[in-house]
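Below is the structure I would like to discuss, written out as structure tokens.
Here the chain labels run A, B, C and D in written order, and each chain numbers its own residues starting at 1.
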């Protein structure tokens, strides 16, 4: 039996190239992993995590369940391409086995089996496989058609904007678009010349056979297979450098993630898996408020990852992000966009002058004594009502409180971190940690969601429970320590990014509001809530731009026609207050006003 | 027969008052010291904050005065005025039923601030000189070359007890901003520094223009008053000031130093007021009854004020006030003569 | 050169010398963020400053010095800023102060 | 000169009969100047001037350095005045700018606070038995020279003109701060641009250099110089002035304050040592003259009799420009005609000066 024909050369070359390229990438990335990460892999390799990963690969890499859930049409497109192609390969493999038994057949023998069947004198066609393979081809072709359609009219596919691509993507994309139509043509021609009874290729073949004379068919036959093979080869060569590398990156990523590897504030080799796992589907573009409100079209996560991957990331693109987490919330691959963004900013190392932080030694402006520590946060000094309300509540419940920063404190360090000044941020972290330890608190309540997230993610505060004041208030009410009056007033609640998506605190503030009045939700809320625009993560947009973002977000809050707008972040508070004439209050104020006597 | 009102001064205030009186059926007579109407605003280039050519405001005024056949005495100085008329230097008396004093102001003589070298150094000029240069279409250094670095000094002869000018001249700040922008547009490569004590942007659109000057035109504002200027060997001006916002002295050499000269009270005010039995404000301007309902009235019935004779005013304020003066005069005439 | 030890030297003038200061960096900073020029020196930033409450850090003074071409020690001093962003919330001229801190540090930095 | 403002600030200066108070620095560092002043007034102008051996330092340097209290200096000043009265004079002239400032300040203080005058009167009486008599006029000796500048010009042997080019010499004039910065009315031409030296220069044919730092202090400043830790500030002031005047290529500097004359001269050496910068043509330094020396040269006095060999910066190049005949060898001869030894060569002028001598031979 022969399984070689000259037209297969492009395919073979492409396949070998792809294999070598992908293997090289994997090996390099794994080899360069820091010791901690490698230890994690070794530790978790034989665990349930691995099984879970396999299931997740099927669900996400093949079926694209997440995209399905978000946008069925888009999900179908991705599924038909990925799963359809996968089945074509698997079923094709089984097909050759059924025809030829377990015999060593080279790769191209499987892929171009239809070509080699008449060459090797196989005349009998098994209808089941003929029909199945045609059905799968049709599935994939539907996906390709949808992809074409999406390029032309993204809106119809439920996406306001589609991704703008780089050159390699365009090559790969064009090749991909031609692979399956080419296969359809090649297999139909084969059917026309040598017979075949698949509902797609067979019917089309029969139709062509009647239409064209045999000489023409034979002349077209080889070029058609050449074209199919070339499209495949070209796609494979372009693939490792294009977004399609995501196919071979997402799978190891799923495993690594199940083995508990995570990106950190410093760049590391693991980031490669996350960065190249981006398929540039562009789902992250639409939720971005910089795009929607300000018309900024070059900074969204898809472009950020693309620029970072090709080493063309500008500081402006890296910095121009609110880090509101709306894109991360919808990313089908679950890439840690915020952390990657932060560690992209931290590429400059900053060796501090030895005396720079000397002022931190022996600095302690705290006051009061108690096991509960209250850290208002820098911003809260600009919204003193929050602090006053918290003090009233503490007093009402008779809590002994240690005030960390009543007289001004040291920043939690997150703003520095968000700007990539990790080294400096660590000094703040160390200072505050030491302060908390020295005063032996067991609970730390903060009024600033930025601080909250920082304490939870960047501090090691074992033995100290960190709570946002909304959580603390919820607990006081639930435990019956604080009794509040149920009033008539209605409140529309704004989820601060760092509290909601950042710290997964959605229910507590809502329960607190419902305990004192009526809760009203704006159009976008919870995981979908809009950012106020004043995010500390963005140092690029100007004041007027911040205001524009805040105005649209505030409008949704106003539309609820609630008596007051409530938020739980001093920064959001300021942003909303300047965009509206409505009453804006912090959740602590709402509670303090409604303490039952 | 129509009542006759003599208006002393044919500047913007005088002309506007005359036109308003005329429209009320009163016969105005303008006595102008100069040989033509227009006052200080004549020869001004553009007006803040809208960059309206000054001629577009002043020319129609003068033309209307002519069209309305308002009687004008030119080249005649009033040496004495009273509610029943004025006496000219020639001795001639023009009888009237009321008198409007619209004598305006005197530009502060920059020579008096000798430390800035006006008149000594070729490239030190006043804001008025600059307007005239802009009007003539060519702003250059004394040697005909283009300035690369210009300093504009605010408050020359304003808020300065050392030259007995305690008051704020009100219009210089915005003029400084306006001229800085004009200079920047003329010389885009030039660096322009405004040295100020306070920036007083009281009018509509002024603050916006100030910000535009800073942000859009990159004009440097240094809070600190130039203490002294000296000429260098190549005819540039070396200036010293304190950059009070950094708390450090600052020195630099500029090609051109523009002094924003303030508004002083006319020297003759004292004598005129004495003869008319009026009082002056401590800054030498005529004192009004108050700043509210009596803002255009003198202490004597029948003598009224219009424009910058009572205090530094912008052209816009002057024109608005002139209408007010006319209505006050009208009311007075009705009450006093038609009983 | 001198072989004598006088026990003192010629003091550097304290004055900001705009004739000899190298304004290229300052111009580059202003070109990138022209809003810096809109500062009216109200001092709100410094008054609200978290770092200013515990050190003598003064952002207003520092950026003014930078605009005059006085860069000495600015980078190190600016590193006292914790980027907390209070200044941005209080600036009456809406200046992106945090962006400016980053920009000035970048331009003057010793990275 | 374009500056005409000096005419607004005039003061009355007596024509004759002066009581002369000497200057500590002047008589120590360039005693020839005081001698020349007395000679010019007495011999050239025929004016009555009394050089009283009884008078003392005004103690101004001590006063400005917080060593001498106000009461003490007032009493010392009162004694000088009473000496003047005892000698039969009423026009007090001071050779020193610091003293001149002190006399004016003390008189003004007595005027403003009569109780201080009464107290001083008492102290003087108790300490010396003398009665305080206030002078009719107070003037600095440069005022006197200015007052008689035209008379001097009429007797001039030469003018301030470069004999080789025929061009007027470019002269930097430096006025001591205490001449008019304390009381603008105490100086001719006021505090900003006093005319006292400029008037002499113009009357004698020179050109005044109007340079940016013309008004700046020389840096003496008493505590600025006397405390070593502050000297860096002191020298920085002279440095600033020299840097500012250098582009104008002045032929010489003339000062009316003994401290300034000394500092502008000697700091040129210190700057050359510290900084390597030398001023003047070929780095030979800019000669610094007292106004008495300037007048003496105009009147044809011998430079070595004027004491010009006391200068840090050699004056020979200037003498050459003025066409002064002088004996180079006589520079280092004492009054007895014996060689007094010559100073070590120093950075500011050593090489070049020797070259000039060789050329002249």
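Some observations on this one:
Definition applied: a contact is a pair of C-beta atoms (placed from the backbone, for glycine too) under 8 Å apart; a residue touches a chain by one contact, two chains touch by 3 or more.
Just so you know, these numbers come straight off a predicted model, no measurement behind them.
Least step count on the touch graph, subunit A to subunit B: 2.
Subunit B and subunit D, compared by their mean Cα positions, are separated by 47 Å.
Annotation: 83 Å between the Cα-based centres of subunit A and subunit D. Separating the centre of subunit B from that of subunit C, both taken as means of CA atoms, is a distance of 39 Å. Residue positions of subunit C touching 2 or more other chains, listed in rising order: 13, 35.
Multi-chain contact residues of subunit D (touching two or more other chains) are absent. Listed by chain label, the pairs that touch are A-C, B-C, B-D, C-D.
Residues 2-3, 5, 192-193, 210-215, 247-248 of subunit D are the ones that touch subunit B when the two sit in their complex. Contacts from subunit D toward subunit C in the complex involve residues 228-229, 231-233, 235-236, 239-240, 270-271, 273-276. Subunit A contributes residues 315, 319, 348-353, 356, 359, 363, 365, 378-379, 381-382, 408-411, 413, 415-416, 418-419, 421, 424, 428, 534, 536, 539-544, 571, 574 to its touches with subunit C in the complex.
Taken together, the subunit C residues at the contact with subunit A in this complex read 35, 48, 50-51, 53-55, 76, 79-80, 82-86, 88-91, 94-96, 98-99, 102, 106, 109-111. Partner subunit D is touched in their complex by these residues of subunit C: 1-2, 4, 6-13.
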